[in-house]
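So, here come the structures, one by one.
Two complexes are shown next, each including subunit A; its partner changes from subunit B in the first to subunit C in the second.
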Partner chain A sequence: MKELRKLATPYKWFMILLVAIPVLIMTVLSFSKTSGVDFTNIRFTLENFSKLGQSVYLEAIVNSLTLAGVATLICLVIGYPIAYIIANLQTDKKWLILVLLISPMWSNMLLRIIAWEQLFKPNSILNSLGISLDLIGTRLAVVIGMVSIYLPFMIFPIYTVLDKMDKSLLEASRDLGANKLQVFTKVVFPLSLSGIISGIIMTLLPSATAFALPLRLGGGKILLIGNVIENMFKKVYNYNLGSLLSIMVIVLIFASMGIVNRDKGSLI
Partner chain B sequence: MIVKILKACRLPLLVITFLIMYFPLIIIGILSVNKSSYAHAFKGFTWQWYTEIFSEATLRTAIINTLTVAILATIISTALGTLIAIGIQALRPKEKKRLLMLNNIPLINPDIVTGLSLMIVFSFLHLRFGITTMLAAHIFFSIPFVVLSVLPKLQSLDKDLYYAALDLGCTPMSAVLKVIIPAIKSGIITGALIAFTMSIDDFVISYFTTGNGFSNFSIWLYARLGRKSFSPAAYAYNTCITMVTFVILMAINIKSIKSKKGRILNEKNSSCIDNTTYSS
Partner chain C sequence: MAEKLIELKNLTKRFDDNLVVDRISLDIYKNQFITLLGPSGCGKTTILRMIAGFEEITDGQIYFEGKDLTKIPANEREINTVFQNYALFPHLNVYENIAFGLRLKKLDQSEISDRVARSLSMVKLIGYGKRSIEALSGGQQQRVALARAIVNRPKVLLLDEPLSALDLKLRQDMQYEIKDMQHQLGITFIFVTHDQEEALTMSDRIVVLNEGKILQTGSPEDVYNEPVNRFVASFIGESNIIPGIYCGNRVVEFFKARFDCVDDHFETGEKVDVVIRPEDFEVVVVQEGKITGKVADIVFKGVHYELCVMANGQELIVHTLKSPNIGDIIGLKVDKFEIHLMKVS
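This part shows the complex of A and B:
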């Protein structure tokens, strides 16, 4: 099959061009002052770094980590039992529940955020039921939005691991004298850790970097790192500070992936 | 004791999950038939927003753009992704692992990082932002999904089939087209479905890679929100999409359950190589 290898070669260069090169360009941008990505009048400077200390940016980073962290934790607390329940259903209607869980994801994400926004406004359709939720601009609204949008991303990786788990291991541990709780804590849970980790990554990363969601549900009062980055690239055209912030996000992602991969190695 | 508590929690948990996920959809559904164009009161039932999907020019353009990009991106990324996956499968294990790691980076990266990276490369290359850059971006983020859904099928494919085709006089390319691709059809279809749904729903990456006024549905929506001029036809369009995908998902599942027994026979038939097609 050697002759088929050349089918993959262009892909390698294509991916390097579109994945590695931008990171390089962004690194250069974050150490310099330019107009956009025009390098003709480049001037190297560290002033982007000194701007990082400003409270707007620090607050955005802290907001991103705490709100996305809380949302991820809630997703895990709801998502794990749900995945467990579905994986252990003794019915041929399992696919129906899975389809019901997947279908909301086919609905436009932005519009689902808008639906929550319409609901959280003091004047909402709920008024006819005598309820007025005045939640826009609160952290609670942002967290509810995040949980609602990203919950499936937590459920599916965990479900996949639980569903594929070798059931004879559970029987073996029961034969060896473990009670139901011990089977769970000593066998099922440790074996599902890889699913939990991918679930956490799949929920935490997009929710921490979201910008439309905090903008709509936070009413402009709660800024996340995504809002600041969007602002830099789309409104004030400060590509240098924007690049620095994006590079920080990328470094954080790869650092956490590195830690996860190392831990995974030691667990197995 | 704890087991009992967990069992008691089962129903409430399912209810909470479905509520939190379906609440927005219900609201969107209600607002799509609401007579008032403001979302704060229900003023009666109407179908007018469903007809406005076609009469409101900017929305219609945005929907046509979304579908054009999604269909083109799906076709191109499925074709490229399948060939790339075949190439990756033929690589030496070490190289394969390395390329797969590269393949997975866009999958892990949050949309904003992917969108920004592409925007920076495109403006570095002085490309004209618009439909081509958005299409290129959609192809870029769809290919890894196609590769990942095709690869498992390739792994379980008997390599001897390919060599047999070569022995019977196929060139490598026609062996790929006539033997490998029909055998991994289900993986290709899954990949194409994922690519299409990713593309049709994408906001962030499109937002960063478009320009010169070319907008898809999500970008149209985002721009409208800023200007507070927002037509409920958007709710109507989304409700239609949700309904259609729901029906398709149900149909696929019902069909796959019904044909479970028949499938084994079918697979046997389809993997048989029909010698007559190679006579040319």
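This part shows the complex of A and C:
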């Protein structure tokens, strides 16, 4: 074990330098008033918190959570059956299907977002099919973008759990009198909850904090928390409020993970 | 004879080109403890899985109380299984695991709790209902698996090598307990194992299988004392197999001597295999034994000594309470009832 622990050393320093220290700096910035990251005239204050109540920030947070929530729900509804079908395929070519599923992730995410943006404009390649969409700036466009980009993150954890599931458990439930639907509702689904939860976390969090996606597909009309934070750092230069909002998002994420994990405990 | 419960007729199973079960016909009776015994890959588990309904049959029929069982899906058969790896539901506690089948039948809460409690007491796990499965030892999981199956009051209980994961002491205790349970419940147990000792201890009837075929069916005494061929003789217990010639009139010749025997269904002059169990030799002084041999090795086994005796160029295993020295020349005597003749296979 000690030998293995040494191997983690670079990772440990990587995490300290690129995660722990920045988060620490952001925490300090949240509780103070500075000009940029210049700490010479630092003044500790809680005035950043008083700005949180402003409607623009609240709206961004509500937007983020509702749009990401809807996208995650759709991902689950589409992703679970796909994962289930692949896991139950009687073939040794499963890897090929899985590779096809992740292959879009090999192209740049920004590129895929721009591709959707082009399709959602009234004048697009779809015109040749007699279709003209005008979706830029709608919530629908943002949700479609989120689903298309984060769907694999929902499928994979669920697939992994279903594929590893001990088949004798399914036989045991048949043996005890369960019909096919009952095998699913009483054994397969409850045992795949851990995969569902991982999938939800892995889709909900990146969608809720996305900023390029709402920027392009939302046409600047739909503001998510990621966009507000980006503006704070790049346009308004209010690093203090930007840091505070970022920290709030982190806290929100950990809180939701905590709730989900607690519920998982009672469900299983 | 007891009432027939399950009838296998020319039961056959192929996996692709691999013939796993080859035209097996077998009657299984009510309230019987029957063991399918054979080495791994002999098809015993596949037969069990076909009876349970987890495996489609390739050819042949299975009748259950006279009805074609293959038309009934696994979940509607009055048969329950104890799986080799127990297959307990990790997301349910002990109580809910056992109640699983009863809840599917939509029984009253009071009846469910009553029956779960009774089956927990039968497997000696009273008070374990609220435990999680992970918190149990292998032996306790085994008991929960048994309780989960018997609580449904099946007509047949299938047991697929249920004791193979337990240590020796626990395995021996469970052998008696399972046998006891079968007596109490009065239902048919079909037990699959590769362990001949387990089969001899527990069974009313043993079916010896190899390469998808039934070699011998009979009581433990029959199978032990009268093995039909070399495979059965060497698979069940230790045995000495000596080539001989049947001389007619219940006399057999081997090791250049003639012995009286009790088998007579052979032709005069026919080559036979003679089976003598190690414990059936009597060690005597050279003058008194028809067989003479030199002690090549001696191992103390607790109750007895195990001798390796070289006689007429063949190694014989002999169990005895005496302890001669290595190199001693000894005589061996065999009672005529202990000489068993088999057709040469």
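Everything that follows uses one rule, which is that the second predicted complex is superposed on the first by the 242 of 268 C-alpha atoms of A that agree within 3 Å, B and C clash if a C-alpha of one lies under 4 Å from a C-alpha of the other, contacts with A are read in each partner's own complex, and residues count from 1 in each chain.
Please note the rule applied: a residue touches a chain if its C-beta (ideal position, glycine included) is under 8 Å from a C-beta of that chain, and two chains touch if they have at least 3 such contacts.
Fair warning: this is a prediction, and the values are worked out from it, not measured in the lab.
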item: Clash or fit, subunit B versus subunit C on superposed subunit A; value: fit
item: Which superposed partner A:93 touches (first subunit B, second subunit C, both, neither); value: neither
item: Superposition-derived angle with apex at the Cα centre of subunit A and sides reaching subunit B and subunit C, degrees in steps of 10; value: 80
item: Which superposed partner A:190 touches (first subunit B, second subunit C, both, neither); value: second
item: First (subunit B), second (subunit C), both or neither touched by A:235; value: neither
item: First (subunit B), second (subunit C), both or neither touched by A:176; value: second
item: Contacts of A:43 with subunit B and subunit C, given as first, second, both or neither; value: neither
item: Residue contacts on subunit A - larger count, subunit B or subunit C; value: B
item: Shortest span in Å between Cα atoms of subunit B and of subunit C, once chain A is used as the common reference; value: 15
item: Where subunit A meets both subunit C and subunit B, residue numbers; value: none
item: Residues of subunit A defined as touching subunit B within the complex; value: 1-9, 11-12, 15-19, 21-23, 25-26, 29, 36-37, 78, 81-82, 85, 92, 95-96, 99-116, 118-119, 121, 123-125, 127-128, 144, 147-148, 151-152, 155, 180-181, 201, 205-206, 208-209, 211-212, 216, 226, 229-230, 233-234, 239, 242-243, 246, 249-250, 253, 257
item: Subunit A partner contacts - residues on subunit C that touch it in the complex; value: 52-54, 73-76, 79-81, 83, 85, 87-91, 100-101, 104-105, 148-149, 152
item: Interfacial residue positions of subunit A with respect to subunit C in the complex; value: 166, 168-169, 171-179, 182, 186-187, 190-191, 268
item: Sites on subunit B touched by subunit A in the complex; value: 2-3, 6, 9-10, 13-14, 16-18, 20-25, 27-28, 30-31, 34, 39-42, 83-84, 86-91, 99, 102-103, 105-106, 108-113, 116-121, 123-124, 140, 143, 159, 162, 172, 176, 197, 201, 203-204, 207-208, 217-218, 221-222, 225, 234-235, 238, 241-242, 245-246, 249-250, 253, 257
